[in-house]
Each structure stands twice: as structure tokens, then as C-alpha cells.
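Multiple structures follow.
Two complexes come next, and they have one chain in common, subunit A, joined by subunit B in the first and subunit C in the second.
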Partner chain A sequence: SSHEHKLNFKKSKELCLSYIQDAMLQKQWKRAAEFLTCYVESLEKDYSREHVGPSEMIWRIGTEILCHHSHSSMKEFSCFMEQMKTLGVKRYLKVCLEHVFHLLCNGQIDEAYQNLSLAESWRFGEQTALQDKEMKLIQAYRGLLDYYSWSKQKNILLEHSEDGFTDLAVEQEMHGYFRKAAVNLKEIIKIPGVWDLFVKCYVDLLEFYGDHNEARQVLNEYAYNSKFPANPNAHVYLYQFLKRQGESKKSLISALKILHDIVPSHELMIDFNTMLQKSKKRKKRRLGLEVIFAALDYAGWKENAKAWSCLARQVKQIVISEKHLDWIKQEWNSRKDWWPAFHFSRYLAKRNWQENKSLSYEKALVAGILLGKDCKYFKHVSHQGCKAQLKRFRMLRKFVKRHNPVYLRISG
Partner chain B sequence: RDFNERCAQCSEVNWGLTDGGRFYCRSCHNVTERTREVVNTDFITNSRVQTISKGLRKQEKNDGGCEWYVCEGFQLVLKKQAEALEALGVCPQMKDEILCNFWRCYLQKSKQAYCNRPAGETVKALSVCESSTDVDSDPERPSLLHLLSLSENEGDLQTDCSFASSVSKVSESTSVYSGSVDGSLYLMKNQKEKLRMTMPMTLSFCYMALLWLREPITLSELLRFVVEGHIPYLNVFQHFPEKMKLCGLDLKIFYVESWPVYEEVLNKMHELAAFLDLPRFPDITDSCFLHPDMLCMKYLMEANLPDELHNWTCRVVKKIGIGEVDFLTLMPGNKSTRKVKYDVIAAAVIVVVLKLLFLLDDHYEWLLSDFAEERNKNNTEGSPYFEFKKWYEVLKRSLDVEQKKLDEERAKYLWRCEKPLFYSVKNKSKVLKRRQMVVNLQNQFGKLSGSVRRAEKPNPSSFQLSWSEENTDGSCFHGHSLKGILQEKCGLLTAMNPDYWLCTVKLCNEKLCGHLAHYREVDFPQSYHFVLRLFSFLLRIQPSYIHDEVCMIEHKLFNKKLCKKLKYNTVLRK
Partner chain C sequence: EAAAVPVLLPSAGCWIPSPAPQDILYRSGLYRKLRAGKSRATLDFARQLGHFFVDHPEDAFGSLGRLLHKNFYLGNSKLKRPARNSTIRMTALVEDIDRVEARRGCPRQHLASRLRWFSHLCRDWLFEVPLGLLADCLHEELMLQWSNLLFDDSLTGGALAWLPPGDGGTHVGRLVHPGGQAMNHLYFQDVVLEELPRTRGSPAQFELSGRIRQVAAARVDGEDFVGVRSDYHCGVWRVPGRMGAAPTPLQVICTDMRASCLTVSPHLPGELSICTQSGTVYLWNVETGLQQLRHDPQTMYFRDHSPWRWSDFTAHPRVLSCADRTGLQCLDSRAPKKCHFDLFKVGEEAGCQQGERVVLPMYLGRAHPSQYLVTTQFSVYVLDERLPLVPILKWAHMMKAPPLFAHLMPGDPGRSHKVLLGASRTQELLLLQYQGGSQSACQLVGTPQKLHSISGCLQHLPTQLPHRHHLLQQRLTAAAAGLAATLQQDGPRESMLVFQLSEAGDVFCQRLTHEAAQPPAPSSRDEATTAPGSSPLFEAPASSPQGLGTAALRYRRWLRALSRACREPPQHSWPPSLSQRRLFTRKELEGPAGPSALQKQMRQRLRQAMQEGGRIQHWEPLALQPPPLPQTLEPAGGPDPLSARLTAAWAGDWEQWWEERTSFSVAQRQRALRERRRRQKRARGRRSLSASFTSSLTYQSELSELSDTGPQLLSPGRP
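Let's turn to the complex of A and B:
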């Protein structure tokens, strides 16, 4: 309790820390700095046995304060980080990495690169082996910065070639960066993890130099190796690559299949559905319907006219062919309790009509089929549409009326 | 010869020279450190450096240091503390005579000086330091690890253990273990036999001297001055001369990492007084500062309570006999009487008086205050009637502000100083590097702190809260009258409050459980807790200490009634 009048070193530093914590939570950076000034003498009694010792505390707290304090500068920050590096050998590379991150966030790319190179050359007995993970990260980020330099050189080269110049020196430099970057990027993506940016850059390099096989292998590994965490982006990258390579629809579809499983609301679901709809195989068309319904379960898609047009198209096609009405029935079964309120309320009918006529058109078609011509949504929109004397709405009305029995079969 | 100082022990001037070139007093055979060539004036003002052992004493070592003994270090500490007290206004007699003599007496009684040291001990000290390999093989000699764990100070045990293990690999020189000659021996001594000197004990010495001289400084004030930095205690070793190198086990002895504790200092003082076979201390009479009547006056002022309450405190003091000379004066070795805590008892008397007048049951005092407020409306002349409510509001506000300041100061307390400490020469460079980094970081973040930290400590003052009659906002209650809460009965003014509640019906056995009563905030009225909290802040001690004294006073005050009640109970049971 605060009414205690005893005090010892440990207790007073604990108290000090709680004041720092309070100040930081309230964003009072001056006050936090004030108490940190009193806390730092704990360094002279640093017990390495504690889980988080004073040196780590000071590093983390000091970093926060220097990031947010109005009077601090990057120069001061770097000076502080250099001191922190000398504090704990076991944390050396971690501190280096964080320092680099801050430099990057502050746009100081060159300093960041220097620090990475310096850190890469660090050796400290058995610590080097123990901090292997951090070292790999350092090399990976250096690879990333090398890629960035390569990219700059490439752009210069392209500019010059447009102007009709050839620049050997730039080209050599560019190749040099490529080699450096490739080595490090390749290494890091071998380790199971999430390396989106690194993978993208590496694939970019490989594609530029025409090594499509390697690129494909890398992307396959990244997407399908079970040791790697499930990552939607991996599948997206693979899909985009295959598309660039002009692969068959079959392989494109298989690339997107797992993405649908992981992220049914992904924006690529439209592409996916489009490809599936056009397929000759029945299973694929069935899947297509499932995909588009699943996407529209998500609030983010409610006002997406393209998605609704996909669904409308497919539903219309099924209704006209009078085949596979059971597909619609199956999909509608789990949705008939909540889609009406979610998508087809009277309020939405009014709003959709006012804001986006195409959207309301597509939705009205779907509503008309699924809920019948007497449903609120269809009635309002078609009424408005006909009032406005828009031809397609008149056609819509006729269509839905004609196929009303379908609704009865679906809902039954 | 030219050596004309008086002998420390017998005050004669009758010197001879030993074979070692040292002066010795022919009357009492007291051997001093003074040699003919070098007069070592570094260590004490009147240049008396005690002989510790008959061993040879080298003046210079390789690193510019010299040999020094632990008690010399403590002597230096005491000297510094006495000087600081003198600067605060204590009479110089304290430093030059009283403290000095107490210290010499202690040295003699604990056989550290002024006596013939058994030769065996010296030999033992040297051999422990010399070879480390023997330490493990000999089962009787405690290992270095054991030595370190004996220390009373709070553990740096992790660093200690690593130090110990690293040290055991190193061999000869004594400087690795401790800068002082007898550092390791010091920690090894059996504590039960002789009162081993510690840093808190230096304060016990000071307090004992102050008490002997009946100086107007209470123990709580002394300790407060220590914490505020007016009296050397924390990092006092930075005042040691350059030649006295501190390292290794010296740290365990001289380095302080916690605020001194009232009870500990007081208990040690009593132990010390008995150990030194001191006679009855000078009488504490009613004209002394430490007398409850005087202290009550001071605390009433500081607590912003009406002066008129003083009459009541004096009455209570008289009634229970705690103003008697025999009660207040310290008789060393008397274990049957309870240790007198002058400051705490005075505060407790005030609490009891407040309970007598205001009951403090979270109910009556507010009613009484409203009543006084009413009466105040018609009170146009003279001083206003004291209203508890108003007083409470003013005090609570001030107390909260001051307590908050104090809490922040506790969190901001700096323990280290410029002079670095290291266990061995080996980790000296590491320690210095760390110190440099700390200073750098302090500068860096100090600049970001906004306000400039005050470079000097505030002037020491006896009063922590002050109230001025000149304040027109009516926040000073000294002159207020108690008439608003008193009534006339048979020509006397008595309290309107007819009731009283005892803090505890039965007192605990202090010797068994350490306290007379056990205070828990939730068990008592909030007004009572507030009053305890107020004095707890002023005296810098736990509320429970004051509560103990309150219980003691109440039992003395209502003794007869309690006895009757107990008898009645036993009769019923039969």
C-alpha cells in the first residue's frame, strides 16, 4: 500500500516502473521520461535471472518514449539504440533489427542498410549460433533492401532504354543487387512462416530473369507445404502468377479452391465464380454457385453489384434451363431464415434503388426468384423501375412473374 | 617527545614507544596508531586511530590504498553523521564528547580496540584471506558463500553467488575479498556474543547520543532527515578517503539499500545501551522537548488542531502517568518496562483526546460539527468554534497532496552515487562502464523530462505541514475554540460526548507477537483511520505503531473500569 513507510531498492524501482507504466498509458511522455531517468540506475543491479530484467525494460520503455516524445529526434533515437546494443549480448541482434525497423519507418533506408550490414557481420562465440533466427531475419531484410535497390536500377534502365540509351554500368549494378537479394530471399522463405513480401519480391526477380520454374516451385511450396501456416495470400500469389503465365483454367481453378475454403469472402471469389460458371463440368458449376452464395454471406459484399450480377446470372441460367433447381434449393436452405432481413428488407430496397440502380436490378432478380414476386424487395424495386419506365425492369417483372412457380418449388 | 595528546582511555599524557615504533600510554597500556614519522589525521577529528591488532600495518599498497579496518570505517561514518547533526543545530558536545565516548566504549566492550586482542584471531583472519583452496577442505571454516548469506542486508544473492564462485578461483591477495583487512572476519563473527556493528546501528548510536543530551530531535525526525539526505547514511562511503578502498565484502557491510526502520533502530539502541553498561540516562523532565506535553504541543500545531486541545492532552498525560520522570527516562538493561517511543506516544495521546471529544465513530463527530456550525452562526465575537468537518476537509486536502508527493518521491528515489562499487578488481571496468551508461541515459531522458530536477535538497525543517493564522481563508485552526463542543457541568467544561470505544478490549502479549494490537483498516471507523493516517504521515511510521500506543494509553486510562469488567465476567462464569 502507498502508506508504507519502509522502502528498499527493489520496491522503489517497482514503484517507479508502475509510475512509468501509468504515464505511458496516458501518453504523458515527459512524465514517463522523468520516471525513467530515475529507473535507469537499476542497470547497476541487473540480475540476469529475472524474466524481464532492467536492461530489457529500459530498452523497450526508452524506445516507446523516444518514438512518441515531441522533442526527440531520430539522431537521439539512434544514439539510444547504440547504447542498448551494448547492454545485452543475448539481445544484440534483436535490438539491431528493431533499430532497423524504426529507421525504415522513418525513411532512412541507407542507414537501415548500413545497420543491417553491420549486424550481419557480428560474431560473438556461441551467441551467434543461439541468435540464428534473428540473423536470418537480418539477412532477409538486407535481401529486401537489395531488391529495392535492384528495382530502382531496373527502372533507370528501362527509362534509358526508352530514350534509346544503353547503360552497362547500371545494368551491372542491377545484376549485382539481384544476386545479393536472391540469395537472402531464397533462404528466408525456406523457413516455415509468413513471408509475403519476401516471396513477392523473390518471385518478381525470378520472373524478370525468366526463371519461371523456380518461381512456380517457390509459390507452390509457399501455398501447399503443410509446415507453413495457412496463408490466403500464398494462394493469391500463386493464382496471379499462373494467370500471368497464361495457365489453363483448370490450374487456375485449382489454385483458387483452397482460397475459397480459407477465405470465402475474398475478392477473387468473383473471378473464381466467373470461371466456374463457364465450366463444362457440372461439379464446377455447382461449386460456382456455392462460392458466390458464400461470398454474399459477408456484409462487405452487400453492395457489390458485380457479385450480385454473378449470382443473378447463374440463378437466371438455372431457372431458364429448368435443370438443377435443387442446387438453388440446397443453397437457399441454410439462408432462407436470415438473407431476407440481411439483403432484401424494404429499407434496403429503397436505399439500393436510390443509390445504385444496377445493384437493385440484380438483387431484385435474385429476390424475385428466391422469395417470389410478392416479396418486399422485388415489389418495390420493380415498381420503381417500371414507374421510371426503364425497359429492363419491365423485362425483369415479366421474367419473375413467369417463373414464379420456381419460387414455390424452392421454398417448399 | 612531541606527542602531547591525551590518552583516549585514561586522559593522561604519558607516552612511550613500542618496538613497532608506535606510541603507547604508559598508564593504561593503550597503544595508538601514531607513529613518529606519520601522523595519520585522516580518520577522526581528534586524531585517535585505534589499534586493532598487533599485526603489522602497511601504509601503502600497490593501488595507492592502505589497510583499514571495518570499525575505522564505521567511525568515519559516525563522524560524518555527527557533523551533519551539528550543522542541523545539535550542540557540538554531541560529536566531540558523547558520541565519541559511546563509540570508544563500544569498541572496548566488543574487543575491537583498547584491549589485548587474542593473537589467534589475527592469525585466523590472515589465513582465510591467503589461500582459497583451504577454505573448501576445512569443514570448520565457513565457505565464502556461507559468509555472504550471513549478511543482514537484503540479498544481491545472485550477484553474490556469481561473485563468490568467480572469487574462489582467484588466489592470494586480500584485496579481492574485501578492501578492509577484516571484512570477511567481520561477517563471520558470531553475532550473539558481541553486538556486531551495522549501518542501521550508526543511527542507533546517534539517537542514543541525542537522547543522552536530550536534544530536540525525535527518532522519527532523525530518520526522516536521513531519508531526505540531510544526514549521511545512504552512500556514506563516498566520503571515505581515497586510500580506504572499498570492495568485495565491504559492500555487504557498508552499502545500504533500504530506508532505516524505526523499530529496528530503536531496539538496537536499547540493546546497545545495555551492552555498554550505561547508567541511567539524564532525566526527561517536563521542560524537555521529548516530554509528551511538549511534543503534543508541536504535533497539535502541525496537525492544525486548536491550541486548546493542549489542556486535554496534558490531562491525559498526567492521568496515566506517562509524564513522570521515571517513566520517560531510559534505564538501560531494564527489560520489564516498555520501550518509550516519545514521538509515537505523543501522537497517540492526541488521538485519544480526539476520541474523547469527538468519539470518531464516523457518526458523532459529524453531528457535533454541525452543532458547532450552528452555534458559530451566533458567535460573532472572539474566536470561531472548532468544526471538525472544516478541519477534516482542509487536512484531507493537504494530506492527500503531500502523500502523493511523498509517493512520487519514493518512486523517484535515487540509491546510487557517483562513487562506484565493485566486488573485485576483476569487474571494476564492467561496473564503471555501467555507471557511465546510467549517467548517459539519465542525461538523455532527463532532458526529455520537461521540468528541471531540483539540484539541491530542500532545507531540512522540523515542520512538514505549516499553517498560518494570517491566512484569511480560515484554513488555520490553531486559534479556534473548543467551546462549541463542550458543555458546562458544575462549573467545569466537559466534553459533550459521553461515550468512548476502546480500540481493543484485551492487549496482546507484545513479547510473543510483537504488537499490543493488530490494526486492520477495515475494522475501524474511517475518521479514526484518517487521524492515524495523518500522524503516520508526519512521523513516517505505520499506522499500526500509533494504534499500539493508543491501545496502551486507553488501557491505562480506563484501567479501573476494565478490571471491574473482567472481574464481573469471571464471576459470571463461576
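Let's turn to the complex of A and C:
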């Protein structure tokens, strides 16, 4: 019966697809291509309502095969892409983007640009929301390529100006690229999303032309608009911009404070800590201690010698001045049940000593103050250091022994 | 050609395969016909209940069986007068049951009244467990088994772990795997990494009180901590780093609800996390005990019926991730109620499909401290805790079954990280490589690759006898139960060893050797890909004839051990508990006296045909040959109906022709029917009563034939 026939057709379609998949996963591109030519027949009766229909399958699989097949060429690839563009109207823009990426990966920037322009002028029926977004993406990538041309011209111009003459034509062209790029880049970063690359390029353009207010506004919007995902990079860009602008310490600190709240393990936390340690305000130094303790909570920082030296320096300062020992006590309270096993085990003492002497020095100082002179880590490292007759370690031993009462006050 | 090679010999004692769909589904020809086109499965409840009664008579009828056995008579002879008052003859009942059995599939199963009477009488008191209660329990169990067959998430995480060699740089690692008939033994087996990994010495063995579902391991401070999860117990072992040191059990906890997850902290020694199906998450420290972090039977982001929960560690040793089918959240164990954030949500942010659900989350700390892997039945996601909810990598894996196992092999700086994904039921194994995440964007490197599954080696094994082949096939296609892998460097040669565990307890392994990518390939700008060179067994013999020999030997030894293990006779552990005087009559036990006349005739014909070298045309003796096909009925005289109709249509009075024809055929058939009924009535008087049933049936079918119209009606055999 026809029902059975349909079932069988569906079954053989699925079987064919699984053969293709099998061949692709074993890198048998030729075999996969042969099966794909059979699979094309499934387009004939495409009743499927699956998430990914056969025509999309053919596009995706075909692209993958052509990327890896030993006999394929760029020309063939482009030809296939053109066919795919006509196969599904709803997918036209997506296929275009994919094609452009492939061209860019193969260094054919001009062709990519042409393709983007073509796609931009494409119209079909009423625009859906999805199409609208895809169109914005196409425009944004064209803007990116314009930015690329702009920066190339800029470099030529900078070289020429070193030689002492200006080329008006090149300058004109450069401004033209700027206008085209700026229009498109500005559009895409209005949509909530992660647009790191586009934002960076746009800000670069604005800064070159001295439009710092617009740049600041863009970065603030990107960092603080709650519709956007909480993107730590947005705050990093803002901080870097403020730094370039020579802004006050206060605004830099407030930018980093937010970054600290979102990602306490960010690399910039070392800069943040040094900035805070230098501050005259007590509150800020207190925050600095908090920041460095929080960073060292993370597994990725375990062997970061710089971070440990920051902590060691601040702890040493506090111990010598004998003021604000309660700060250390407070930070230590929430960590004393797991830091000893996490940072100061005998195994780590041995390994740190073998791999990085200065790391083990800084850690031993912190361990000696937080856990007393009998702690395993301090004992092992100072013993090894004295055995190796390193002056630094002998001083360390003396320092910790002299300040042992501090440990009692912290732990008590 | 390459394939996976067995690492361990099959353990003694026959393996009990887990139930297959055909074991618990209702199947009969009639049923299939009735439900053609409908895909809903129906569980065969009655058969399972029957199995229970037969397999566990003591539990089903023990006490009353003992009380009443004097009143049940199993012999064949007639009962005498005084005994008849207090004893029933069971033989007749058994015969009735057999008759019912023979009529299976008949749409009108007329149960013998005697059976009905008996069951009515004793349904309430005969059973040890009240029948309704037993049926409820059985039904629940059947449903559970069926849903497990569809998707068994208790295996999530996998029950195989590889403990790499310690810092000493030796080639001896340890494989931690379950074994035994009930998979309730935990083994720590030393394995030497050679061309083909080989076991060394006998394993350290622990017997546990439940089937091992998951084995998780992590190395902290040079010591391995191995967590083992069974349904209601979780345990932790410590394996010291130095060679040959024995593993020591540290602690066991028992849960009221089934545990669904156990992960070992990569940060702190002796710390684990546990989830139970009631939605409770615990942080378990061997020294300080259990700390409950969350208790919420509801799912996090939207409603989902699955009680499965998972948790893992994150970059911060005090922050744990909790997952259910709808997504992941991170909790700070120091203030679990207050401090939490969403890490992954099934929904728009991640571009999920409809019906997509989380299958396995995994912390990728060894690759990058803040990266996380989430697999669903459709895709694989890599997430970064620092930018939650937006995946930094997504790839549709297109695996046939959801990936329940994953294994990470971190690459050195500048090299790709390798992730293995494994499915259970289909034994699929997939290798992905990705890089980036800190300085550059995260991206896949090269194309994903399919690895060999255990069942793939079946075609390379020597040909077996059909039943052996079947057993072997059953064994090798058993669902996968775990996955482990390790990278190995031998001078310039780099390779990857992948171990796969099956539900039958077999561990197979394959080796992939590293090949530097050819520079001119423009699209794949990756520094390296791994190609399946696999076990040297099936590589070109010239390359390593020695390896070829060892692998073939490995197969032979494995096969021999398997056949030895399965040859043991099955042992019936329970004695028959009913006394019986006689179960079979003498007549029944009597074999056929000798070949019947028909058999003799057939033999003779066979012999003759063989002598002549010809073939036998009719297997049936001539007398039993079906009658020749009757001619299709035609209206008496006249040309064939088609030409008559065409002529009529040509003449213009087609309608009248049709009228005539239908009235003719109906009238004719009615006449024939009346005639037959009359004949039957006459015959009924002579026949026994039982025949009336069959004749009435034919009458009915005759009627139903009449009610239809169409050419098919002209069935053969009509008068």
C-alpha cells in the first residue's frame, strides 16, 4: 500500500543518512559523497517535519564533504553553495554566511565581500524576525570587512605620513570605508548578544576619529545594559578604554569592582589588587585583601606566583604594622577548613619546591602566618630552603618565628 | 581493518543478559494484526506473572500449597469415593490450561468453565501475597524495566575508570571496573601499557551489596580517590600513588532514595558530591561527613518528570554545579541558599531544540579551569562559568543514543583537548577535539571521529556454530557501561588508548596513533589529528607482525574462556515442593511405537529421489494434496462480465445492466446460502453438540461475506 511505501521510503532515507554519517565519521569522504548523491532523491518527497529537513541535511553534509574531499576545489564549492542557496529560500542568508566564512578562511576576501553585498540586496517575501536578524549579521560582517579595509588604508597612510607626504585619494577612500563600517557595526551591537569583535572594531573606529563620548556610551551600554548577557569582556573593554583615556583611579577601580563581582577569578584581579594596595584609604586596602584571597580560591590560580606574592606582600605588611589583623582573621575564617588541604598540603610543598622555588617561598610565608610555624607546608619548604643555604628562606624562618603569636590571634 | 581487543578474560560463571524488548512485550500474530500501524508497546503482564508463579512457587503459594497438598491429586486415575469428598483432580485442570494455551490468539477465548470456577473459588486465598498487590508490584516493575530499556539513566557517568601511572613514569596503570554475575564486585586491576595493554597480577577485589552503576575517579595530591555508586549505596576508596599499594576503602553511605550521581572532587582529597532521585544534593567529605546543599523535588527551569539529578565540581572548590534535565545551576556550599547562579538553561540562549534535555554534564577543569561540558540527546555544548548561559561551543553530535559517558584528555598548551563521548545501548564512541577558550575563541579541531565499538569485532572472529554465534553476538552487543582512556607517549610516538566496558563485564580496548596533519590541507589548520590506527591486529601485517599475533591470540584466549564459562550446567537451586504421585500417564510416556505407514512411505520416496539425483516435488502424500484451484465463478452462460458491461455501456443502458447484475448475484448467493443452511440443519441432527459451534461460525462468516460487495467476493470454494 502507499502507506507502507511511504514508510519504506522514510526508512531507506534514514538508512542512507546513517551510512553517510558513518562514512563521514570515519573520514571516508568519497564514500560519503557517493551516498549523498543517492540521498538527494529524498528531496523528491520531502514531507518531513523534523527539526532538520533533507534539504538542510544536504547543505550541511555537502559542505562538510566538500571541505574535506581530496578532489574538491574552491570553484566546485562555490557552485554547490549557489545551488544550495536556491534550494531553500528560508535558508538563503544562512548559506550565504557559511559561504562567506569559507571564502574568508581561504583568503578570498574580495569574493567574500561581493557575496555579502549580494546577500544584502536579496529580498524574498515579507521579512521575518529571524531573517531580519540574519540580515543584520550579514551587514555586520560586511562592516567588519570594511573595517579591515579601513585599517589597511590607515596603515598605508601612517607609513606615508612618516615619509612626509599625504595621499588625499587614499585618505578619501579610508573615510569612505569608515562610514560604511560604522553604519553597519553600530546596528548589530544594538541587539542583545555577545558582540565582542564588533564592539572592539567600532570603538577603535570611533577613537581614531576622536569621538570618545560615543565610544564611552557604546561601551557603557554594552557592559551595563541588563538585556545583554553578563559578559565579563564588556567590563574589560570598558576598563581598557578608561585606562587609555587616562581616567581617574576612582573610575578605574569602580570598573574593576564590577568585574570582580562577576568574575572573581579574572586575570585583571592582580592589577586590581596592586591598585588597591597602593591606596591610602583603609577600605580600599581591605577590598584588596578580599580580592586576592577570592582569586586564590580558584583552581586556575593555584600556582600563580604573582598572585601569591601579592597576598604575601599584603599579609606581611599587615603583620608588621600589627594593624587590621582582624581583616586577615575574617578572610581566613571562611577558608580555614579547606585551604590547608587545597593549598598547603605536604604533597604540594614538595612539588612546589621542586618546580618553582619562588612560588613556594611566597606560599610558605602565607602558610607560616596563617597556620603557624608547625604547619607542614612551611616546615617542609623552610627546611629545604635552609638546607640549600638560601638566605631568603632563612629570613623567612626568622620572620615567621618572630610573628608566631599573630597566628594564635588569627586562629583564636 | 581495525577493531577493539579484549583486555580482560571473561569472568567465570555465565553472564545473565539484561532483558530485551521481546522479553517483556506482548507479542502474538493476532495482536500485531490488530494494532498494525499503532506504535504503542504493550507489556506482557500475564506472561510475567506466570513466570513468577513457575519460578518462585514457594514465594507464591508456599504455605497454602503445603497445607493443601493432600487435597490436590495429580494422578491420572479416577478418584475413589471417600477421597473424592476432600480432593480435587488437578490433571483435568492442567489439561484445560493446555487447551487454553493452544487456543492463544483466538479472539474469543472461551475459558473452560472449570478453570473459571477454580480461579473464582481460590483467587482470594490461595496466594501467599494478595494477588492485587502482587499484580501492582509486578506492573510497576514491568514499567520500570520498560522505561529502562528505552533509556537507562542509572548508568550515567559510566562504571569504568583508569588510574594513570603515578609520577614515577612507569607504564603500569590501574583499571577500576565492576565484574561478577551481578556486577557487584569491584576490581582494581594493574594493567601494563604495551603494544596491547595486558593485565598484571591478580586484581584487588571487593564485594559490594549492589550492582555497581558508576565508578568515578579523580587524582588529588598524587593519590587517587575512587567513588563507587550503586543504587542505594555509595562508597569511596583511596588508592595511594606508589606502585603496588593496595586500595583502601574509606567510607560507605547508604541512601533512602536511589542515588543518581557521584562525582569526586579534583580539588580536595576525600571530597565527593552525591545526588539522589528525590532532588537532594550532598557534599560528602570523608572527614566531616555529609552536608546537604539542596533539597528540591522540582526541576529547576521548567517541569520535567525525570527524577535524575547530577552534580559536579567547578573551578571554585566550594562551588558545586547541580543539574537536572532542564539545566545547570551553581551553588556555593558555604551559603547554598543564597549564592547561586544559572550556568546552563535548556532554552533559547543555547539555541536548543524542542524536547532537548540535559543528559550528562561534566567539569572540564583539567582542560581549562572554568570550562564545562554539557551533552544533550542532540548536541554537545562547551560552557564557560565566567560567561554563563551562552555556550562557547555547540555541535550536533547526531549519535543514535544519548551520550551517557564522556571522558576528557586535556592537551598540552597549544594542542587540542580530546573529548570522548560514549552511548550505552548502541555502544557508539565518538572522539572530538577542541581548543581555545582563553586567548582564542573555542572551536572544534578537525572532524569528529567514530571509534570502534565492542560489537564491531564480531566480524573478525572466526566462524562459529550458529548457536555459539548467537551467544557471542548477544554478549558482544550488550549495552556499553563505561568508558575510559589515556594518552601515552613513547618517545616520538603518541597514542591514545580507549577502554570500553560492556554490561556483560567485558573490557575491550583500542589504540589510536597520532599522525601529524599534512600542511597543505587549507581548511583544517589544526596541528594534529588522531587517526584510527587502532590495535595493530588488523593493520598491515608488515608493520607489526608481532602485534598481530598477540591480538589474535588475545581473541582466541578470550573466546576459549568465554565458552568455558558458559558451558557450566545451570543449577536449579530449589527442590520441587509439591508431592505428587504421578505426573504423566504411562500412555503419554510411551514413545511412538515405530514409523507410521506415512513415515515409511516418505522415507522410501526420499531414498528413491536421492538415488535418482532428482528432487521431491510434493512433500505431502498424494492424498493430502490440496484440491486444484477452483475456477472463478462466472454468471451462467453469456460472455465474460467485462465485455458484457462494455457492450451494455456502449449501448447506453449500462445502469440497467448493473441493476440486473447485482440483483442477479445477490439473489444467486442468497439462494446458495439458503441451500447450505438447509443442508447444515439436516446434518446437525447427526453431529455431536460440539460441532455446532464451528458450524455457526461458518454461517457467520458467510453472512459477513454477503454484507460486502465487490469482485473479491468471488471466493473459491463456493458452490
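The criterion applied here is as follows: the second predicted complex is superposed on the first by the 390 of 412 C-alpha atoms of A that agree within 3 Å, B and C clash if a C-alpha of one lies under 4 Å from a C-alpha of the other, contacts with A are read in each partner's own complex, and residues count from 1 in each chain.
Simple rule for what comes next: a contact is a pair of C-beta atoms (placed from the backbone, for glycine too) under 8 Å apart; a residue touches a chain by one contact, two chains touch by 3 or more.
These numbers were taken from a predicted model, which means no experiment stands behind them.
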Partner chain(s) touched by A:Q83 [first = subunit B, second = subunit C, both, neither]: first
Contacts of A:E173 with subunit B and subunit C, given as first, second, both or neither: neither
Subunit B versus subunit C as contact partner of A:E120, first or second or both or neither: neither
First, second, both or neither for A:K27, with subunit B first and subunit C second: second
Touching partner for A:A341 - first (subunit B), second (subunit C), both, neither: second
Partner chain in contact with A:C16 - subunit B first, subunit C second, else both or neither: first
Which of subunit B and subunit C A:N8 touches, first, second, both or neither: first
Interface residues of subunit A shared between complexes with subunit B and subunit C: 3, 18
Contacting residues of subunit A [partner subunit C, same complex]: 3, 18, 21-22, 24-27, 51, 64, 67-68, 102, 105-106, 194, 229-233, 262-263, 265-266, 297-300, 334, 337-338, 341-342, 345, 347-348
In the complex, subunit B residues that touch subunit A: 154, 156, 158-159, 227, 257-259, 261, 403, 407-408, 410-416, 431, 434-435, 437-438, 440-442, 444-451, 453, 533, 536-537, 540-543
Residue ranges of subunit A touching subunit B (in the complex, touch as defined): 2-10, 12, 15-16, 18-19, 29-31, 33-38, 40-41, 43-49, 58, 62, 65-66, 69, 71-72, 76, 79-80, 83, 86-87
List of subunit C residues in touch with subunit A within their complex: 37, 221-222, 266-269, 288, 315-318, 334, 349, 353-354, 365, 368-370, 386-390, 398, 400, 430, 447-450, 522-524, 531-532
